[in-house]
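These notes open a run of structures that come right after.
Here chain A shows up in two complexes: once beside chain B, once beside chain C.
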Partner chain A sequence: MRRHRIKNKKIIGWLLLLPITVWLVCFALAPMLYGLRLSFYNARINNINNPDFIGFGNYIKLFQSADFGASLLWSLRFALIATSIQMILGILIAQLYNRSFPGKSAAITLFLLPMVISPFLMGTMFRLLFNEFVGPIAYLLSGITGTTAMLGVAFVNSTILGADAINRTPFVFINVYSAMQGVSQELIEASKVDGANAFQRLIHVTFPLISSILWVTFLEKLLASFLIFELVFALSAGGPGSFTQGISIFIYRRAFQRSDYGMASAASFTLAVMLLIPSLYLVKRMLKGIK
Partner chain B sequence: MKKSVIFLILAVLLASVITVSAADDLYTVRMVYWPGPESDAMQVLLDYFNTNLAEKAGFKVEQELFGRDQIMLKQEALMTAGSSDVDLFFTASRWLGKYYTFMEPLQPFLDNPEVNIWGSDTSGRIKAAVDGFRGLDGTLYGVPMDMSAHFLYYRSDLIDQLLSDPAWQETFKKISLEQMGVEMTPKNPDEWTWEDYLATSFFFTKKYNPDSPTEYGNFTHGKVMGPTAFLWTNCYWGFGGDWFDADGKVSFDNEAAVKALEIWKASFEKGLTPPSSVTGEYAEDNEALMAGQVALSVHWNAAYATLDAAESPIHGKIAVVAPPAGPNGRFAYNHTLGVGISKFSNHKEEAARWIAWLYTEEAAKLYGEAGGIPPHTTVLSAMSEQRPDFGYMVDIVGKYGKNLPPTAGIIEDMACQDLSNAWSGVVSIEDALKSLQTNCEDEMANW
Partner chain C sequence: MDAKKKRIFGVILVLLLVLVILIIFNIGVFTNVLTSFKSNVDISSSPPKWIFKPVLDHYLHVFSKGGYNFGKYLQNSLIIAIISTLFATLVSIPAAYSIVRYHGLGDKILGATMLLRLMPALALAIPVFLIFNKFHLIDTHIAIIFMHTLFIIPTSLLLFIGYVQDLPIEIEEAAEMDGANIIQVLTQVIIPVLRPGIASTAILGFITSWNEYLFSGVLSFKNSVTATVGTSFFITSYQVEWGPMAAAITISSIPTVIFIFIAQKSLIRGMTAGSVKG
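So, the complex of A and B:
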């Protein structure tokens, strides 16, 4: 009887998993495998129903392409700089908020607002705000930068970094702030008694206790910044020229503006392999956190 | 009593079902179209057709709007899936080379009086526009519905003063000698070469002429997108170049491209155009002109209605001519949007009959009155009083109009990327052209 009940429980468990499994197979695994297959073909809009098998041809061309190398480098540089800026800002702001003050809830809500705005919308708004003739931010910044051309070659990278920081720092903040809320006040008080100043308390007490969350946030942010698309697309479309073309825009342009599906798939899979190690590590850390 | 009420209700229900069924008897032809002012104009045509001509034609028509930015992306999904969900695909003259294999040749339908019950032909439309819907072998694939072209916009009040004020003319000569190494005299914009365009841009740039009423001489579109490359193409044609040579081979790594890029780059490098224009396009150009910050712009015809609108700060102060000339002549790029019959449609004859009606003057007139820009000479000319830009379109495209070949759409993205790299100074002109030539040759080898 008991064995029968356990068996039933197992069946129910599998049945509950079934919908999401079917969904993942149909809408994630199958397209992914189709994409993998396509990466070995010369597949364009004119021959998509009968593409030519070229083996590793797309991959070889990809690694010979200066455009791909430059895009990869831009993404890497952007990811490292953007993540560093946002981690530092997020931690500092979380530390600032990690105390009682009047209007704290309203202040947190306001600070989180940019996070709920779609990056594409954010990019479009910033494009207007940075407009040379009608953009108030461009006008205000011109006192420091000496130009209103915030989307020109000289400042476009800084503009994207700034816009991304406004959009995504709240994500870092909310993660770190939540973790800080879980740090025992007794430990903080004890370190105060031992003579630790605010900086020492942050480094030697708070950080070790929230390191798991910091790592997960850092990695998630690093991956998201590496793959940034919407914000850059709306702000600069990867330009001037290919000056701000990251890896996602490279793939988008290959697939949807040049209809070179084979090459775009090869680039996507190369990227997937490159991101596999940090992603697996991220999942491992997250699972460890859950346990 | 109760039975009578039930009977009455049933009778009413039956009558409604019969009426609805009768109305739905007609097949509905489904056409993909470009959302925006073009689809607003097209809706007027659809309403007229469905109300007045559907019975005679034997079908109704509706448009499917896939979104302005990604319309071809979504349409490509239908094409590659071989879907018969739509009967007509949206296309543009420059994209035809990429998509014609998914479309049905049109001429046999137009020549068949059982299909073309309207007796229409292509003769009323501007020839360049119709030719834009032909494949490389001359096969016609669709109807050109909405035309776009490039004009040279200039501030007529400022140019009038330049042409009449001796002090301004002296300054003009001095600046042109200093900046271009040649003493030039101001000319009427209709006689300009690209050197005149540059000289005038220098004159109207505060950096070179502190008394200039505008901050910058011109607005040059620099954003990485196909249409930006088309604006540059007017200059490239003027210096004798073309995207493809007579044998259909890609042709960018040449002296004409260097000259045209030098002109374009000068605007960015010398600060003749607002610095942000390097990532700017249509909307930013309008803003710059309306803010009174620039004096000239090679820009899209559609902007005229905005720039010269009654509420525009430069209303009555803006004029247009064809883009300037190069040593090899003067050219005004134009392209046309339109529709063609899907190869996968199960109702090709109905779709063809609809296209045949779109070719009529009646359809072109309705489309123009509803805000579209039909490439129909008679209609554009007749409406030139209420829409001056229509008149300019006929004159400019009639005299100087030139299309890119239907295969241009295949390489427009890579063309713009490399050209933009050159004029924004990311790489040298020579390197950009070499890269462009190689990339485009590689790509065209697949088609």
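So, the complex of A and C:
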């Protein structure tokens, strides 16, 4: 009787997982396996039902292409710089907000506002505001930059970094701020009595207590920035030319503008393999927090 | 007296800093809304005008322009976001319940959904486009709904796990004692108790779907175009219609902005799910 109940319990546990499993298999696992298979074929729009098997041909072409290397390098540089800027800004602003002041609740809402707007809409918006001829923000900044050509070669990378910082710093902020709220106020008061100034309190009291969250946020941000697509696609579309072509734009162009699905799949699997180890590490860290 | 003065000065300084930060982070959104109310002459005037006579032309244009059916795009966004959120909720609640109360396979599924969140979306977009194309599902609502559900699931699952963990197991045990089966426990005990949590999770799901661009864009060209994708239609090879574009962006952003004002707490819980307890 008892054994029967335990067995029953196991079956119910599985049945409850059935819908999510079906969804993951049909719309994630199966397409990915199909994509992996495509990466070994010369598959274009006209022969997609009967593509030619070419073994590692796509991968070989990929590693020989200067375009692919340049895209990886752009993404890597962007991820490091964008993440550093946003971590520093996010931490400083969280520290500023981590005290009581009038109107604080509204101030938090307004700071989170740029984060809930779609990155694609944000990119489109900045494309207008930074336009060389009609962009009001480009005009405002021209006093500092000396030009309104903010999407030209000289300034386009900074423009993207700025737009992404506005869109994504609130994410860092809200994680750090929530963590800071969990730090006991008594510890802070005690260190005040000991004569620590605000900066020393941040470095020696708050940071060690929230280091694990900072680390997870940093990694999550780094991975997301490395794969940035929507904001850049709307803002510069990888241009001028392929000057701001990161790895995601590279794949998008190959797949949906040149219809070279085999090559694009090879690039996306190379990317997935590169990201697998840091991603698995991050998932492990997050799971530890949930359980 | 001196200490009090110092404190007041400190508060003023903090308020000033907060104000400057808020201006910098929101000037883009603000300027975009301004642009949407400018006449075409005012938009192209240099230096840009900050004070002008507001006109509604672009908003009227967006809704009435021949062939450009923004009302339809908004309707598509609404249908897709609501159904995707519903599917994701129906799939995630039993899964979360299983992960918390029945151990085993669930942990692997949880790991897989979290990994999905970090993987390059384009690795999925290419095969999904080709498969849906084969099944003649391109430019249908259901194609986009299938994919948006997939992207809403990870955050929903994380949130529901948290909510179920907070429930006392005793009420479920009492229901089971009374002879309720698992379906009855879920529908008559768990779901009613979780109602507030479900509502805030649904808001996050709605925003995820509403804001998504890559899959909505790749999987549609006419009938199932969403508002987010539709804003880019003002950029053609011949010209960019800045005014209507600014108006379309403003309209498309309204639902998400409303949600952040009414549901800030749940939004924060969703955004920090996974990392805060880590």
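The definition used in the following text is that the second predicted complex is superposed on the first by the 288 of 291 C-alpha atoms of A that agree within 3 Å, B and C clash if a C-alpha of one lies under 4 Å from a C-alpha of the other, contacts with A are read in each partner's own complex, and residues count from 1 in each chain.
Everything that follows uses one rule, which is that a residue touches a chain if its C-beta (ideal position, glycine included) is under 8 Å from a C-beta of that chain, and two chains touch if they have at least 3 such contacts.
Fair warning: this is a prediction, and the values are worked out from it, not measured in the lab.
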Room on chain A for both chain B and chain C (clash or fit): clash
First (chain B), second (chain C), both or neither touched by A:Ile48: both
Touched partner set for A:Tyr34, first chain B, second chain C, both or neither: second
Contacts of A:Phe256 with chain B and chain C, given as first, second, both or neither: both
Touching partner for A:Thr147 - first (chain B), second (chain C), both, neither: first
First (chain B), second (chain C), both or neither touched by A:Gly90: neither
Partner chain in contact with A:Glu132 - chain B first, chain C second, else both or neither: first
Broader residue contact with chain A after superposition on the shared chain, chain B or chain C: C
Touched partner set for A:Gly246, first chain B, second chain C, both or neither: neither
Superposition clash, chain C versus chain B, among 4-12, 202-210 or 238-246: 238-246
Chain A positions touched by chain B in one structure and by chain C in the second: 48-49, 131, 133-134, 256
Complex interface listing, chain C residues touching chain A: 11, 14-15, 17-18, 21-22, 24-29, 31-32, 34-35, 43-44, 46-48, 50, 90-92, 94-95, 97-99, 101-107, 109-116, 118-131, 134, 146-147, 149-150, 153, 157-158, 161-162, 182, 207, 210-214, 218, 228, 231-232, 240, 242, 245-246, 249, 252-253, 256-257, 259-261, 264, 267-268, 271-272, 274-278
Residue numbers on chain B that touch chain A, as the complex places them: 70, 73, 76, 79-80, 82, 98-99, 101, 222-225, 274-280, 284, 287-288, 291, 293, 410, 413-414, 417-418, 420-422, 424-427, 432, 435, 443, 446-447
Residues of chain A that touch chain C when the two form their complex: 9-10, 12-17, 19-21, 23-24, 26-28, 30-32, 34-35, 38, 48-49, 93, 96-97, 99, 101-103, 105, 107-122, 124-126, 128-129, 131, 133-137, 139-140, 163, 166, 169-171, 174-175, 178-179, 212-213, 216-217, 220, 223, 227, 229-230, 233-234, 247-248, 251-252, 255-256, 261, 264-265, 268-269, 271-272, 275, 279-280, 282-283, 285-290
In the complex, chain A residues that touch chain B: 42, 44-49, 66, 130-134, 138, 147-153, 156, 235-243, 245, 253, 256-260
